[in-house]
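What follows is a pair of complexes built around subunit A, which joins subunit B in one and subunit C in the other.
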Partner chain A sequence: MSAILELEDVARAFPVRDALGRAKGAVRAVDGVSLSVPEGAVLAIVGESGCGKSTLGRVMLRLIEADRGAIRFMGDDLRALKPDALRRRRRDMQLIFQDPFASLDPRMTVEEAVAEPLRLHGIVPRAQERERVAELMARVGLRPEQARRWPHEFSGGQRQRIAIARALASQPRLIVGDEPVSALDVSVQAQVINLLQDLIREFRLTFVLISHDLGVVRHIADRVAVMYLGRIVEEGPTAQVFHAPRHPYTRALLAAVPGQGVKAVPLEGDVPSPIDPPSGCRFRTRCPFAEAICTEQAPPLEGGSHAAACHLQHRLPPAVPPAEHDAGGERLRRLQAFFTDRKTNNTGATT
Partner chain B sequence: MSGDASARRIGATAAPVAVERGESPGRRALRRFFRHRLAVFGLVVVVGFILVALLAPWIAPYDPIETSWARIRKPPSAEHWFGTDENGRDVLSRLIWGARASLMAGVVSVLGAVAIGVPIGLLAGLSGGWVDATLSRIADAMLSVPFLILAIALAAFLGPALENAMLAIAITASPVFVRLARGMALEAKSTDWVEAARALGNPPWRTALVHVLPNIVPPLLVQGTLAIAEAIIAEASLSFLGLGQQPPAPSWGSMLNSAQRFLDQAPWLAVAPGIAIFVVVLAFNLVGDGLRDALDPRAQRR
Partner chain C sequence: MAGWLLRRLGQIVPTLVILSFMVFGLQQLMPGDPAIILAGEERGDPVVLQQIREELRLDRPIWDQYLFWIGNVLQGDFGWSWRIRMPVSDLILEKLPVTAQLATMAFLIGVVIGVPAGILSATRRDTPTDWAANGVALFGISMPNFWLGIMMILLFSVELGWLPPSGYVPLWEDPVQSLATTIMPAFVLGTGVASVLMRHTRAAMLTALSQDYVRTARAKGLAEKVVVWKHALRNALIPVVTLGTIEFGRLLAGAVLTEQIFTIPGFGKLVVDAVFNRDYPVVQGVVLATALIFVLLSLVADLLYMAINPRLRQA
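This part shows the complex of A and B:
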């Protein structure tokens, strides 16, 4: 599988100013990330809040400019594109936001919102716009009769479906979902995840899922990248990362999910400030295995298809593999099964 | 794309039936506005005031500038409801014609202020950097001078005439709209839906006009209504000082001006335009408050 999107040593820092506007330092939100997203794959980026995963998601779409590094998308050097060329490229890369109450323009009807990308990129002639919008709405489980309604008249799950229809409208190759279900009720989460999975399969989408919900990630991701303080500490196939985590931070993260079965020393202390991250390995201040070398040198991300950024990755005691049926994932699967069954005798979504 | 065929197939089964019509944000605000009694009362007064101004030639009982030595400073009577002034002119007729000057000054100068202020504010808020800094400092500098003082200075500089007074008021009132539009644009810029507009591939100008502008209309409408009240007072003040409507054409401000010399002998000369200004300004303020309540984003989910 070739990579549709490749990042190389990408970084972005946000200056922090004091009350008088003098630069006091910088939050290094994304700090040297190299990542390759295989075409047609679902890649999850996981990590605690504040680790830079949302910033990374926006940097890879060039919604936030990177300070350095290279971003290659479908053969283009994304950072070198002129504004016009970048706008045309946006047809192939879309974003789904976390909060469906904020991501839709309150003064646009569903029809206007979904038709906007069609019009911007000349996807269909004007005469067919309405028809295409109805198709898209039906595809995401909305009734096309609701096309003239305004966002405030919908529930969170329905709004997220509108946002998904809007993201699909321009027939993109890549969609980045920034916590696309975490603002929704648990029952609705399962429905929307089912929908996303169906769409990914049907349209052969490449999907970058930014999430902190490991249950969801385990369920739909092909690959997982674990982020800590602006860096990727582990990246590999989902099953391998969940069964044999190679970075102490990944172990701790998995152990924090109840019922995962991974035994690890629980993390102590807070995440260090991204303004002044620790020297060497950024995780060393909270790592139970840290040695002298961890203070001196930043560990490179190495190990091929399942890579980890840890000096000690080959010397760590083996992690206890997680139980086959984890609590979070099990609950989700049950919900999904429930809604899948219901769908067979009731085609219209009831979100 | 591979999905086209199947999307079409699914679309075919869902042929559009009766389209449901939603309630637009604007209509919802209107519905809320009409629940607000004082605001509706204000709206009635405002509409009445506008009708009086527009229909002045037909409803004024006398010529507003025709003088008569026979009826100087007569108190209110059956022929002259609000009395006559120091030149024997009918006060009611002058009041009705004077409404034109107030309406013009209020509406035209505020429209002017919006036309100057909003584009500048949008530009400042959306572009940021030195453009924002420069434009904002100019607006701040203008705001640091009291409203009337600046209007008086400008009107005096432009020369005494109603058009010049209107221009002076428009310029003086514009920094308020610069500030408001800039603030709202900054707020809108940080919302997800504006970022979404960018992510979809909107050029910056389209984002500004299609996504930002419609969403900042509500506060502009509220501020605009309140500014009309202020502009009416400003026009009256300028006319009072002889910088607005020029005699013999009537204006509520200049009527007050000439009335002050006869306050003890002919108080009706001051009472009529005074109450007219008071009522109209109050009405515009009530409408503005009603709009503010109806458009309040914190009450959006009702």
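This part shows the complex of A and C:
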């Protein structure tokens, strides 16, 4: 599979100012990330809050400018595109936000919001706009006659469906979902995940899922990238990362999920400040295996298809294999199965 | 909706009743005896004073005076001016167009300067443009109207001789001269409105611009101009419209100092003159009329708020 999106050493820092507006340093939210998103794959970016995953998601769509690095999307150097060319390119890359209450313009009806990309990018002739909006709404499980309503008349799950319809309208190749289900109730989460999975398959979408919910990630992602303090510490096929994590941080992260199985030493202390990250390996201050080299050198991300950024990755004691029991994922699968049966008639009323 | 409107109109009544108590009560605290002022040369004659007091019912207990006045008001009779011998309602209707013209001009100046400045300031946050707009707005809020008025008269009337320093010509008599006499006071009043609107537009725009739906709009591939004008501004204007309506109400209530400086015969001047002359019926009538205008405008503000905010439309 060829890569639809490739990042090379991408970084973005936000200046921090004191009360008088003097520069005090910078939060290095994304600090040298290289990542390749294969076409048609679901790639999950996981990590604790504040690790830079949302910033990364926006930088890769150039909604936030990167300070350095290269972003190649469908053959274009995204960072070099002129504003007009970039806006045309946006047709192919869309975004779904976490909070469906904030991501829809309160002064636009659903129809207007979904039709705007259609008109902007000339997807369908104007005469067919309404028809296409109805199709899109039906596709995400909403009743087309609800199109004239305002966003506030819908529940969270329905709004997220609207946001998905809106994202699909321009027929994108890539969608970045920034925690697309974490603001929703668990039962609604399962329905929306079902929907996303169906749509990804149906439209052959490439999907970048930004999430801290490992249960969801394990379920729908083909590949996982684990972020810590602005860097990717491990990246590989989902099954391998979950069953044989190679970075101590990934192990700790997996161990924190009940029923996820991997046993690891619990982490001590807090995430260091991204304004002044530790030298060498950023995880060393909390790593139970840290050695001298970890302070001196930043470990490169290496290991091919399943890579980790850890000097000791080949010398770590083996992770305790995960137990078969997998409570979080199991619950999600049960819910998903439950809603799959009635997917044909779950339009709206329950979400 | 109809029920809401009725309830809302119903709330106006107690507001006005309480207000009428206050106007009536506060006048009693004013020093000076209206009878003595009205008697003029004959103020030494107790018979004349007694006559005036009886005629104006000043010899009765205050509750009796109040009930007599409010009873007439409820029948549409605001009484007669003690001083000018004219019905108070005629006086109000005579001055209202003057103040309305001044208020409308000041409001337009305020909106035309304030709203674009707020948008510009928000879209260029933390740039020299933003700092300059904020500085000017701070100046506009802090600067006393009478000082700015005097400075403008000195510059445009005394030094340059472009505009008349004071007076008023009605719009229907001589539109050009009318604008010439009102443009300075309107500008003086408008600067205050512009500053307030600028600050609020800026804040509302900054809030709107940081919303996810604005990011969504950018992600759709919309041009920045469309993002700002269509998505951010339409949402940011919701609170600004409400505020603007209230500001307009304040302008209509009359600008005492500004009208005094430019000798514009509007509400402000009317009420000040009436206070100095202890012309109680005029003070009461003008205050009540102003309050009514203000209360009705805040109702308009609420209606506008509902009209432009879909979230409240069927509430």
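By definition in this document, the second predicted complex is superposed on the first by the 343 of 351 C-alpha atoms of A that agree within 3 Å, B and C clash if a C-alpha of one lies under 4 Å from a C-alpha of the other, contacts with A are read in each partner's own complex, and residues count from 1 in each chain.
By our rule, a residue touches a chain if its C-beta (ideal position, glycine included) is under 8 Å from a C-beta of that chain, and two chains touch if they have at least 3 such contacts.
Quantities reported herein were computed from a predicted structural model and do not represent experimental measurements.
Colleague: Overlaying the two complexes on subunit A, which is it for subunit B and subunit C: clash or fit?
Modeller: Once both complexes are aligned on subunit A, subunit B and subunit C clash.
Colleague: In the overlay, answer first, second, both or neither for which of subunit B and subunit C A:Arg139 touches.
Modeller: In the superposition, A:Arg139 contacts subunit B only.
Colleague: May I ask you to decide whether A:Ile4 touches subunit B, subunit C, both, or neither, giving the answer as first, second, both or neither?
Modeller: neither
Colleague: May I ask you to decide whether A:Asp105 touches subunit B, subunit C, both, or neither, giving the answer as first, second, both or neither?
Modeller: Touch partners of A:Asp105: subunit B and subunit C.
Colleague: Which of the two partners, first being subunit B and second being subunit C, lies in contact with A:Phe97: first, second, both, or neither?
Modeller: Both partners, subunit B and subunit C.
Colleague: Given the touch rule stated above, what does A:Val33 touch, subunit B (first), subunit C (second), both, or neither?
Modeller: Neither partner.
Colleague: With both complexes overlaid on chain A, does A:Gln171 touch subunit B (first), subunit C (second), both or neither?
Modeller: In the superposed model, A:Gln171 contacts subunit B only, not subunit C.
Colleague: Touch test for A:Phe203: subunit B only (first), subunit C only (second), both, or neither?
Modeller: first
Colleague: Of the partners subunit B and subunit C, which touch A:Arg88 in the superposed model: first, second, both, neither?
Modeller: The answer is both, since A:Arg88 touches subunit B and subunit C.
Colleague: Return the chain, subunit B or subunit C, that is in touch with more residues of subunit A.
Modeller: Counted on subunit A, the partner with more touching residues turns out to be B.
Colleague: Please write out, lowest number first, the residues of subunit A touched by both subunit B and subunit C across the two complexes.
Modeller: Shared contact residues on subunit A: 61, 63, 83, 87-88, 90-91, 94-95, 97, 99, 102-107, 109, 116-117, 120-121, 150, 152, 163, 166, 170.
Colleague: With touch defined as at the start, can you tell me which subunit A residues reach subunit C in the complex?
Modeller: 58, 61, 63, 83, 86-91, 93-95, 97, 99, 102-109, 116-117, 120-121, 150, 152, 163, 166, 170
Colleague: Hey, which residues of subunit C end up touching subunit A in the complex?
Modeller: So the residues of subunit C in touch with subunit A come to 211-213, 215-224, 231, 234-235, 308-311, 313.
Colleague: Where on subunit B does subunit A make contact in their complex?
Modeller: So the residues of subunit B touching subunit A come out as 1-4, 6-8, 10-11, 13-14, 16-25, 191-193, 195-203, 211, 214-215, 300-301.
Colleague: Within the complex, which stretch of subunit A touches subunit B?
Modeller: By the definition above, subunit A touches subunit B via 61, 63, 83, 87-88, 90-91, 94-95, 97, 99, 102-107, 109, 116-117, 120-121, 130-132, 134-139, 143-150, 152-153, 163, 166, 170-171, 202-204.
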